[in-house]
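Pasting the structures here.
Same chain, two partners: chain A is paired with chain B first, then with chain C.
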Partner chain A sequence: MATKHKGRAIGIDLGTTYSCVAAWEEQNGRAEIIVNDQGNRTTPSFVAFTDQRLIGDAAKNQAASNPSNTIFDAKRLIGRKYKDPAIECDLKLWPFKVVSGADDKPMIKVNYKGKEKCLAAEEISSMILSKMKEIAEAYLDFSLKNAVITVPAYFNDSQRKATKDAGVIAGLNVMRIINEPTAAALAYGLQKRANCSEKRNVFIFDLGGGTFDVSLVTIEDGVFEVKATAGDTHLGGEDFDNRMVRHFVQEFKRKNRVDISGDPRALRRLRNGCEKAKRILSHANDTTIEIDALFQGIDFRFSITRARFEDLNRDLFEKCMEISQNCLDDAKMEKREVHDVVLVGGSSRIPKVQSLLEKFFQRYNLCKSINPDEAVAYGAAIQAAMLSESYSIVPNMVLVDVTPLSLGIATHGDLMGVVIPRNTAIPVKMDGVFQTIEDHQPTASFPVYEGERTKAGENNLLGLFHLSGLPRVPRGHPMNVIFELDYDGILKVCAVDETTGNKNGITITNEKGRLSSAEIKRMIEEAAFFKEEDKKFKKMVKAKNALDDYIYRMEKAMKGFDVSSKLSPSEKETIMSKFRKGKRMLESEEHNEAAVFENYLKRLQKMCQPIVINKVRDYSDEDTD
Partner chain B sequence: SANATRPVMRLSVKAASVSFDAVEADEGSMSLYEVLGVAVSGTAAELKKAYKKLARKYHPDVSPPGRAEEYTRRFIRVQQAYETLSDPALRELYDRDMAMAMKFPISSRLCQTRYRRQPHPFRYQVIE
Partner chain C sequence: QEFTTERCWTSRSFQILRAQNNYYELLGVSTESNAQQIREAYRKLQKKHHPDIVGQKGHEYTLLLNEAYEVLMRNDLKRKYDESIKQMGIAFGENNLPLGNSTWKGPIRSQALFVDENACIGCRECVHHASNTFIMDEARGCARVKVQDGDMDKNIEVHSYTTQLLCN
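Up next is the complex of A and B:
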């Protein structure tokens, strides 16, 4: 429920390919995008495993040399089943291994420190979230817990809940999960329309790395009302890259008669090249991808024109326009009634997408004035500030969002009986009357589904409950089913038999495939383990560096005339042999405990102390570190 | 058989034209106009203004500590009232029903009704 949270709060845009974090800055009256340790305003949603764990830029930078242990696209897996047709194609393209776990939950196999580990998508996402948390903490100089995380508007219940779980594993208090286009609308409203009191119908077009969302939002008098939302949770920049990769694999095969599709390292390098080329094609008409010795020593050199790129993705671009039309239809709004068309997400920069959108709306003034990569995190930070009691100056606005998918009960013949239609404003309470189908039917089952398919079985099952003790009456006995959806997306369903007063219901929290509290606990422990390992690794690197540095300095000092004259040749030889041993230790992979190096350093320091104190004054104040 | 114990598919949807919302009795006696605080003769612009004001006031996000549930309930009512009264056809229907209710107090429950222009098609589907 919407009680205010104590402590400062951040907004996190957890993207398929890049993530971004922002915090509300009271004194400036706006949200601030927080730069990461590399000075970048967005962080790649990558996690890599070697003898250490890498997150963000560090993980993406080494992706080509470690393709099978560099994990990305976790957002495409989260809250889905292994058998989900939406990821069937991805499974073939990903260089890392995904297997089916308990309840058909996809599990990612990685090799960490020589041991095989199975990780859920929630765990990968939690690692990215904890990285974003660290970035914010470093900048704000403040320990944080509260966060608002964004998800694609078209995410279903299990995907939202899995995202929330990821937040919990990362040690965050997830105050709310909000929709990405809605967050972008908040950012747009605050940045561009703050002093505007008349009604604006704003169309948010959010084409990101992995997902596509559109929302129609009306802004008036500080009330942000989402009128309709539509989208595709599997349509974005990655798909455009995939098309290009597929195209070039074929071209390469035709030209060189070799197939690189089985080589993860080559594919990763090609994918990086394609991503770069795609970006270049947004402002150039053609570009050349050059990769030295891509496969079996053969260089890769192909050029691609913008027209060819557009042709490869034509159907995907057209799909975006179809979905946009559906959203307008749902909002019962004409194209000409839309005041602003706001572009969000990196892929909205593609010229073809913009020109199709201009044609669609018959206008040439698309709004590009907000940063498409940052708007979502910016909006999330605004919402976070509104939900936290630590801020006294927050924008005076409220947000009325809608449920993206219809909610209902499966009825006879597996038909979906919708109780809350999609695009209904939340919070909401609605009911429907259902009746028994058999004479003297003693019990009725209520399977609760979410989705737009007429056949209930093709929708997403949220839960099941029964109402028993029905009176012995002929069929057609009515029961009232009440659906209550609150602001955090928690659904309560209750069935009442009004003749007997019998009541039963469920709160949809823990459907099949979702993490149990025991699993979450285990994953939190695991996260702590990873964190501890990261810390150990850092400590070891530091200890190794200190030892290396000391040996280097002392060796240099030993060469000096002053020292040599004060030591006998045998003493000198002993010390030098100790240095050589130290160097061997540093080179070998045998030791990975910081203590080994620290102890050795101490021993060396003790041994060399007389020389240092008496002879090498220059170094004396440094040898204590 | 297994099917007998699982009457999952043994439900059908009744041909209900409107659905009722379970609202607390004391609040339930208010008319939709009273919920928004607008006169029955109020214009569309007045209704909208009242709705926006109340939406900002009763939005669960701005509720004082411990009163979120109450605010959510009020917010839902405001939302429902505006949904009905902002649609000219539904408003006309509601006005007519309200006039009837004045004459015949039996149907007093009408003031809790959520009116829908297009009920979902499945609502009407009766399966044997």
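Up next is the complex of A and C:
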């Protein structure tokens, strides 16, 4: 980031299951959540492919009838490898097909207009982002480029960069990637600013659809200092749903002796039922899931109690508390020093989670006064306004975030040599001394990793560089390695041999598995292609409707009055046959060009001109323009 | 395998010794300041120099600010740091000035001068040209900064606060 960005900006919360967009409203001094074309404040992160492409509510609504081409959970795939153990289980549960592409990158196979297409997770995310962009543009009534996108605090570098790439493919200028709990803290700070002049330690508990994050933030006088952050990028509402689905698949098998686990349509319907039941269980003690003819004509009818649901997910809930404890430990803070516990993310509504948290903090006043579904987008919009020069009135706040994962070099024996420990405030520059292990070692290699595992190989490899031309000296020759991390998360690593002055380093930008600029360019072109196709489809639907409407009205008109004065019976028959042909055209799937229907409509209009002039002018005026 | 390295050590302490500009000075607080005062100073400076506010040029400054803040807010690191400057102060004892504690003339600015001891050859050129700013440390054979902003800028070749002012 050089200076501030020109033009207005929005904040997008790109969630695993739902996404949300907000913009800063200068005149009101607050951010506004923008409703989508369905009137909803959050949009499902779903993309579906049929003879057209659907994004958001439309995609989720048809999920049960088109399970293998309805893509969701792209956030769980983004920036990961196909072999990643975290998604191994998901691969079995997803009704859509994921294959391993180049560099072990997971690729999603979809059927679009009868043709098979392979899409990267970045492309799916970019489609959701472009939808959010459109929603914002429609509301704000001007075209937008700048955006702040949020990611889970515990996302690693690859996942962050892949998210940024998705933004680029969607035609956005991603001003900053910020952490979800931090964004929520900004929202909390702004909405409760009356209390924020004095020091407050705020614990953000963000349990969303797919990820779990906690952050401890100290707010004082408009400065937001993140003290520590921890999380799990694969723990959220989806996992609770999975547990329920698995439970019911077994119950169904026990009762009816049929296995539905191979039927994607049945699984999708069951999953939708489970998601609904989970929500109900947040306020009711028990509920019944009823799905007619779920499998082989057998109806599904099972009830579940809140206790059973809690029991199914007990270990997951307990994991949340463990991670919360780790975060407090890292921040070196006692539970009683925390002033406020803020709940963020839809799954934070689960009563068991709340009661565990209350027990954990030994307090009964969790902060529920900010909207858990919208706080993240709200905070992102605040950050977006701070980074854009188009706003003159922005909150006087600054954010000092931390690095969620330790950064270091893999040393002899695949040990992780940490240089920047996790939870260090950004920007940061730190160095470490590493030494050669062989006599007369000519070159030293520096594989840069991030992660908490002692074994470097189990962490995330960011890049590799070498320092050559070392002097011919016995082992133990020291080299200084400098790590520098800036606000945008760009890491520069440099190794210096101080005896010779030799220097080498890298800026971590394009590690393996990330999209190359050529690929991004191709995907941008493809996104434009999809957009064009969407437009064509819309145009075709409109043309079809117009033709259908015209035939319907003309038929009615022909029946309704004596046309013999105008037309001979044979003429009438010709016209009627033309109408029948038109109807056949509308019903068949053969034509998908708008022009075909438009032309046919024009021909019909010409033919019917003589009768129209006299009798149904008032009808046809609007059509004959 | 042949090309791998072994870790020697990494820590903030390395930075402490290397950091020529005194952390207390950077934050504009005295060595006796308590945590509350340090935090206040840190916040005030963050609000002024944060890259979200001033852009990329705030990067270097906030980098040092974060470093100073971490060291001074953590008891163990602070003790070590205080010790290290005291030790160096003893080495510099000749001039009866605690190390690095150059004083400010006029308002505190975001830039400060310091002399890179390793690069200084002890030519005294700087002391002659800007005698209100520099002082010769005879014990060490190199120049030091006595008063920040003691002379007109044109007498001091300042590139930026991180560019070490070479004494040659």
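Everything below uses one rule, namely that the second predicted complex is superposed on the first by the 614 of 625 C-alpha atoms of A that agree within 3 Å, B and C clash if a C-alpha of one lies under 4 Å from a C-alpha of the other, contacts with A are read in each partner's own complex, and residues count from 1 in each chain.
Heads up, the rule we're going with is that a contact is a pair of C-beta atoms (placed from the backbone, for glycine too) under 8 Å apart; a residue touches a chain by one contact, two chains touch by 3 or more.
Note that the coordinates shown come from a computational prediction; the quantities given were computed from them, not determined experimentally.
Once both complexes are superposed on chain A, the partners chain B and chain C clash. After overlaying the two complexes on the shared chain, residue contacts for A:N272 are found with neither chain B nor chain C. Of the two partner chains placed around the shared chain by superposition, chain B is the only one that A:I482 touches, whereas chain C remains out of contact. When the shared chain is aligned, chain B and chain C each come close enough to touch A:I409. Common to the chain B-facing and chain C-facing surfaces of chain A are residues 1-4, 220-223, 386-387, 396, 398-400, 409-412, 415, 417-418, 425, 427-438, 441, 443-446, 478, 486-487. Of all residues in chain A, only 1-4, 220-223, 386-387, 396-400, 408-418, 421, 425, 427-438, 441, 443-447, 464, 476, 478, 480, 482, 486-487 touch chain B in the complex they form.
Residues 1-4, 220-223, 386-387, 396, 398-400, 409-412, 415, 417-419, 424-438, 441, 443-446, 466, 478-479, 484, 486-487 of chain A touch chain C in their complex. Across the interface of their complex, chain A is touched by residues 6-14, 16, 19-22, 49, 52-53, 55-56, 59-63, 65-66, 68-69, 71-72, 75-76, 79, 83, 114, 120, 122-123, 125, 127-128 of chain B.
If you check the complex, the residues on chain C that touch chain A are 1-12, 14-15, 39, 43, 46-47, 50-53, 55-56, 59, 62-63, 66-67, 69-70.
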